Structure formats: C-alpha cells, structure tokens
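Shown next, in structure tokens, is the structure this report addresses.
Labels A, B, C and D are assigned to the chains in the order they are written; within every chain, residues are numbered from 1.
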Amino acid sequence: MPTQKVVATTGNTMVAEAMRQCAPDVVPAYPITPQTTIVEEFAKFVAQGRVHTEYVTVESEHSAMSACVGASAAGARVMTATSSQGLALMWEELHIAAGLRLPIVMANANRALAAPINIHCDHSDIMGARDTGWIIYFAETAQEAYDNTIMALRVAEHPEVMLPAMSTLDGFITTHSIDRAELMDDESVKAFVGDYKPENALLDVENPTTHGSFSGLGGPYFEFKKSQRNAIDRSMAVIKDVGAEWTKLSGRPFDVIEGWGMEDAEYIIVAIGSTAGNARHVAREMRAEGVKAGVLKVRVFRPFPFAEIADAIKDAKAVAVLDRSESFGAEGGPLFLEVRSALYDHDKRPALVNYIYGLGGADVKLELMRRVFSDLVDIADGVIEPGRLVYLGAR
Amino acid sequence: MSKWDVSDINQWKSDQFPRGAVIPTGGNSDEYVTGGWRSERPYRDDDKCTQCLLCWVFCPDTSAMVKDQKVYDFDLEHCKGCGICAHECPADAIEMVPEGCELPGVK
Amino acid sequence: MANIRELSDRADRLAGGHRLCAGCGASIAVRQVLLGAGETPVVAGCATGCLEVSTTIYPYTSWRTPFIHNAFENSAATISGVEAAFKGLKAAGKIPADKRVKFVAFGGDGGTYDIGLQSLSGAMERGHDMVYVCYDNGAYMNTGIQRSSATPFGAWATTSEVGAAHQGKEQRRKDLTSIIAAHNVPYAAQASVSHWKDLTDKAEKAFAVEGPAFINVLAPCPRGWRSKPESTIEIAKAAVQTGFWPLFEVVDGDWKQTVKVMNRKPIEEFLKSQGRFAHLFKPGNEGLLVEVQAEVDRYWEYVQNRCNCGQ
Amino acid sequence: MQQLTEIRWHARAGQGAVTAAKVVAETALSADQYMQAMPEYGPERMGAPIKAFTRISNEPIEIHNNIEFPDVVIVLDESLLDVIDVTEGLKPNGTLIINTCSPAADVKKALGLPDTARCACVDASGIALDTIKRDIPNTPIVGALMGVTGVIDVEVFKELLGKNLGKKFGQEMIDANFAAVDRAYKEVTVA
C-alpha cells in the first residue's frame, strides 16, 4: 500500500524529489533561475548517496541536452531541468532528442525570454518549444509538478511512445512558493515507473548500432517524421492510462484537461498553469453572484487535447483563452490558436476572445480575472464586440 | 551480428523502420558498392611486394585485404582508386591500371 | 605498442563502402585511431561533417562499433553523456563492474576548433574517461571549403578568397592542441595520418589513460586542399618535415616531441602540391611566402621550447 | 466556508522575513491547514527592501498571485516606514505588526490607519538582542503575530522551531528562541 506524507514544499523541491524517486542513471544539468534549486537539491541527493545517478555538471544547456541525448542513446534513464534562455539554447537538441526517439524527461521552470531580460514567469520559453516533438505537461501547483514529472517518465518510456517529455511549472509562482503537497513513498514510485528497458542501446557493445544517421534527399526522412507523428498521437491514450493508474495510487485526479463548473458553464476561461487557480477562485465568486462561470485548465499541451477541449467549451456562450506568451504576428497566442482550431469542426461555436496576460511575471491579479468574466458576459449580451486579442492589464 | 535486410526498404511503411532512424547493425556499408567511382585500379605484383603493409594502413577505404599479416588482394567493390597505396608503396609493387572490365555488382 | 603486423591482426572498425572522397585523410585517421583501441570495445561519436555524413548514409553505416552522431558543436558533450551513462548504469548494477568500454568522439576542425570548442572544453574539464580526436583538414570541407580558425595563414578558402585586394586567410591558425593541454588533461597529442606508428601509439596511450585525452590529427583533404588524391600521405608527411605540423605529446603536463625533425625543410615543400596555396607562388607574393615561413618558424620554436623546457 | 488569512511581510533582504514566512506556513501545515509562502523575487541583493507572503486557510488555496489586500502586514524593519507604504492594500479591519520601540498609538496615528484597523508594536530587535544575543527579529515577530492574531498556534510553532533549530544548534539556542517568542507574545501592544 502506498503511503504519502504531507509536506510544506516548493514546486522545485517536489520536482527534485520526483527525479530522485525515478532514479535516473544520468542527469546532465546546467543551473538557471528559477530552475536552480531543482539541480541544487538533486546534487544534494547525489552527494548524500540517496540516488545512484551520474550527475554531469555540463558547461551549458546545449551541452546538457547533448549529454542527455548521448546518455539516453547509450541506454540510460535520463532526466534534467532547465528554464527560459536555457531552453532556448537547447532548441536544436530538443528536435534531435525527439527525432532520435529518446525518452528523456525534463522539467522546465517557465520563464520569460529576453529581451529585455526578465527572470519571472511566462510561457514564452516553453511555447517556443511546443513543436519540437516533446510531450508537454503543465502544472498548476507543486503537487501537479511532482505528479506530472513521475507520469511523464512512464509515458516517455512507454514502448508505444518513446518520446521525450517535459514537465513544466511556473517560474517562482510554482517553483519557489511553499505549498502543501503530498509526497509518495519511494518504493511506490519505483514500482510505478518500473525499470527502463532500452532498445538498440549504444552500450550494448556486442550489437553495434548507429544513431543519428544521415537521411537526405530520397531517404526516408519523411517516413521517420510520420512515425514520430504517429507516436505522439498514440501518446494521448498512454497519458490518460498512466494518469488513471497514478490517480488510483495517489488518490489525486488527473486528466489532460481539468474543468471546474463546466457542467453548465456559460462563461469559460481556458488557462494553463498556475493562473487556472486564480481563475477558479474568481469563478467561485462569480457563481455566488449568479454568473455561470467555468474554468478549463489544460494540463497537457502536447499532444493537444483538441477533441476534449472542443467538447468541453462548444456549448458555452463566450470563452476567454488566456495566453501567457505571444505568437507575434499570429492571430493570437499559442493556446488561442489551438483552441480556435479545435472548434472549427463544430457547427455550434462560442464567442472566443484571446487575452495575452502576465508576461514577464506581471501579477495575475484577481481583479483581472473578474474583468475577463465580466467581458465574457458583455460579449454574450452583445454589449461589446469580442476583441480578437487583448493585452490584459498592460498599459 | 545478424544481417539487417534492407533489400525492399523502398516499400517500407513509416512504422516499419527501426525507431528513431537507428541503423540496427554495424558496418553494413560494405554492402554498398563504391568501386564504381574508380577509373584506375591498383594492381599488386606479389613478387615485388615486401608485405610492409603500408598500403593497408594508409587505405582510406579499408580496401587492402589482409590475412595472417599479409596483403593478399584489394577489395574492388569498395576501392575508389585514390592511388595512395601505389604512391606510398616503397617497393613499387603496386601500379594503378586503367579500369576496363566490369565489376560484380556495379552497373 | 603494436607494430604494423600486430595492428593488422586487429579488427578494422571502419568498413568500406562509405561515401568519403577518394584519398580522404579523415577515414585514414579514424582507422588508425580505432586500431589503437586494440580489442577493447569502443563507442564512437562524431560531429556533423564529411566523416559523419559519408559514413552513415541511411540505411548504411560504416561503423562496426556503436556510433552516435548528434549535431555539429556537441560531439564531446554527446560522448560525455554516453560515458556518464556507462558510469551511471554501472553504479545501478545494470552493467557489470569489471566491464571495460572506451569512448571516442571525432570532429573536424570546424566542429572542434570553432563551433564545438565550448563543448570540448567542458568535457575535458569534467574529466570524462574519453578520447577526443580532431581530424584537422583546415577548413569547413563538408559545406564547401570555408575557412575555419584552423585554416593556415595565407591559405585560400571560399570565405577567405584570393583577389586583387586580399590573398587568402590573413589570420594565424589557432593552436588548439595547446589549448586542450592547458586543460591539464592527462594526455594531449598532435599526430598525422602519414606517421601511422606515431598515431596508433598515441591512440593506444589515449585510450589507456583514465580520464580525458585529446589527439589532433592532421588529415589532408584532396578536395579542399586542391591536391591529388594519391598525395594525401605525402603532403601530410611534408607538413611534419617542414615543421608546419610538429608531432608531440603532452603527458600530465610534460611536453615531448615524438618525431624529431633534424633538417626542417622549407615550407614550400608543404605548400607546393596544394592548389589552395598556389597564389603564394605568384609574382608579387614573395613577401607573403616569407610571412608564411615566419609563422611556421614561430610555432615550431614555441613547440620546441615547450618540449625542451623540462630537460 | 473558506477562512483565508493573507499576510504580507516587509523587511530588508537578509533579515529572515522569507524564513519567517515559511515557518509560519509550515506551522499552519502542522495544524493540518492549507498554506502558501512565497518571497517576491527581484534582482536586489542584501539590504534591499523585500516582500514575502504567507497564506493560511482551512481549505485548499487556489490563488497563486501576490497578496494585494492583506489581513496582516508585518514590518521587520522600522526604517522601511520612511521608504515604502507598508499599509498599502491593508484591509480596513486588518492588523499591522511593526518591530519598533514606539508606542502603538503613536505609530497608528503617524501611519494614518483607520480606527477599524489594529496597530501592534513590539521591540522585536530588542527582545532578540536580549535573548538570542543577535538582532534577528524574525522569531520574536512571529511571537507577536501569534499574540495578536492567533492565526497559528504558539505551541505548534515552538515545536517546529525547536525541531528546525535542533538541526544546527544546541538546547541553549533553542531555549533562547523560545524565550524570544514568549516575550514578544506577551509584550506586544495593540492600539
């Protein structure tokens, strides 16, 4: 039987604990705010001998992911963590890790991208990596960061999937806030994630294989990409199965989208990460005032739960999609583009409005959430036209 | 190491390929013939040859065939005819001769 | 250290059928380096470049040993990850404690002197048990002979052109071997494909060392040097005999010249059979030729001093 | 019904406000409550004014932003009163706790707090110097917080404090800290 301990802890500590419990063979990592305490706490576990991991203190994030690729191709279980500029520096390697089908798991402390330089939360970094072929989880709380990290490993290493996965949490808001969370016992996590059984490992020296071959014009590059697409499509079912299994063990619910008040909601906020909590808090107040408010949190962004989201919001009167990152020059932020696209096949579609908010850690004040709901009511009543893109709270 | 059969690779569907573009075997390029690149081939005079093995150690194409510490032939399926072996042979035992005849497997 | 007959008994770990040019120095370097590993299993990696592309055109590989190519600038980091996996899996009891495997990363001069320098420096400093081998042909040959920081002073390249205003590369070569020696690694050496015994001995030492080792191998490129394919070894030999490419090793900080050159030949002996230096022999460029010789002399003296200061 | 208490801490970097915010939250957790604690991170180094936040609730806390309308404001450094508006957003019936020797009524008047609000003053630095022998006002100020609001239990706090200190210090240091807590708990005055 699993035992769980209630702890006062930060998101980063929970990620470090999840990593320790997953017992990676190799962790190559480079420090960057606000991911730093993950790699510091993990280094402490290594120093204490609480995990057997070979910890590689690389000289850059590019080398961190490069070493992850080497170690994973060698047949090791590999994890790491990064943030912001570090994730951006890894960009090339993110594609390679996915293309080589290496089940690396990485935590990302979601943070703004320069310029100007800013160390606080937004989703510019991770959204820039959304098309690299990684599975992407978003956490609202320290608890979810922990749960997501463990589940991500199971999903990544699943023989039907074999793709890298990211477990992301909001910089400072979730990485550094102390929160109440439950920590599963080591043995239960160990049993849950199981042993990694690599195929075609480089360290199987008796059976040499070649990784990272050249597949140029006329070669099967196109077919490799198709099989990569098939794999991430297949991962959706695996994510749900693994989630259900984890729920059974932990008692904590999981779904790729998580709704509040969605049964009869007329006005819905779709949000990602910590902001979903703020929106829910305000939605409760709106409900008390008689407004049928609902909140839909997207917990898995890649693969994107198109059908689930469309089904959840199609009957609403008005929906606000909250993006904590830009897609400059596009019709809206990344989440908005996906949600809007998800609704295309439905005859009945709610009015949709996109809010860009909280860039560079701009505080997501409750008043802003109230404003969004009140806009939605006005839009539904025809009092105001739905603006396509609103910079929420910016001067 | 067991042979990886790629004879009908052009018919494979995307999910039939080994995952991640891995080549699940070692050294199978020896199934690929580069001998056709050649316009001259090395000819070794066994009487002149001192078995110094320099042709073997300097060959970029692993094409000087050695057994029991002796060169016995050239692998003409892979020799590209660079001529290093002839150029470096201290005994003048190797000569580059114009290509004339057909090679097995080369069209 | 093995003689050529003993070497010929060893398994050749690079198969024929690769698509490198006729007379390529890179594959000669790889063959000789891997011969130095003896019978110990080796996992190899390579930076993006001619060698990597031409030896792994899907579905064919020329590597009879486990091989990984990741990207251009990270051959060292990638192999450091493989080596870390070996240690981590041993610590986990998933690989027997007495199992021996060696690790080698290859890279051209572009992938080593330039874009891969940070990754290499990091891997050397971290002390991985790995060998890094640079096959130095003095330019970005894979993309069509663009100059690198390894391109010799005065050489033509497609980005250090020869014309009325400029006469090839105007900067000195970067001395990468010294840079790596300055990392205080247990073994660093400079070698040439022409001196096969020196090179295979150095490879053997590099693999035997516990910790990071580095070998910088001069590997002529007939295509980029505008030389005849059959002249590859001859030109590499001239590089050594003129002092352009001194052969030395640095063992635990101790510099030693491994191949003595008694009567150093004028640099023209190295330059004359390469089209990339043809402009140096044109009327009006006599002064440039003197400068090239002076630069070779300067580096030669530097290496002599490093090698003699301990004696 | 959710009973949420929101506390904002003002201090200078290095005075232990972040630690105090954390220990108060941990104390709440020990009493099986829900809590959050977070510093406001900036590029400033030692000595700069900083803020930290603590939330305590009987139900799960969903809000993840900074505290705009605190129930309690704690000021660890009196000199900050001249630099920043510590009363900003304080609820009309909120409580302000200040580390100062000045009488509470004077401070309340000087800051222009409404009658509905409470102003609590304690010489936390003086108490710390007497007991712990160092000007670390964060432990006594928590004593004052408990004395004035009862938001966390003093015995639960002391148990946790003892456990934390026990990792690094001997019984003498633990007792000195307990004395600091008890004195501030009693000596805090409210206007």
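Rule of thumb we're sticking to: a contact is a pair of C-beta atoms (placed from the backbone, for glycine too) under 8 Å apart; a residue touches a chain by one contact, two chains touch by 3 or more.
All of these numbers come straight from a predicted model, not from anything done at the bench.
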item	value
Pair sharing more residue contacts (C-beta pairs) when A-C is set against A-D	A-C
Geometric centre distance via CA averages, subunit C-subunit A, whole Å	43
Subunit C and subunit D: spacing of chain centres that average the CA atoms, whole Å	64
Separation of subunit A from subunit D, taking each centre as the mean of its C-alpha atoms, in whole Å	35
Rounded Å distance between subunit B and subunit D, as computed from the means of their C-alpha atoms	80
For subunit B, residues that touch 2 or more chains besides their own	9, 21, 23, 25-27
Per-residue overlap in subunit C, given as positions that touch at least 2 other chains	56-59, 61, 63-67
Of all residues in subunit D, the ones touching two or more other chains	none
Interchain contacts, given as pairs of chains that touch	A-B, A-C, A-D, B-C
Partner subunit A, residues of subunit D touching it in the complex	22, 25-26, 29, 32, 34-39, 41, 43, 60-66, 68
Subunit C-facing residues of subunit B, complex	4, 6, 9, 21, 23, 25-34, 37-38, 52-54, 56-63, 66, 69, 75, 77-84, 86-88, 96
Subunit B-facing residues of subunit C, complex	4-5, 7-9, 12-28, 31-32, 55-67, 193, 196, 222, 228-234
Contact footprint of subunit D on subunit A as seen in their complex	6-8, 34, 119-120, 140-141, 170, 172-174, 176-180, 274-275, 277-278, 280-281, 363-366
Contact set on subunit A toward subunit B in their complex	99-102, 162, 199-200, 207-213, 215, 220, 223-224, 226-227, 230
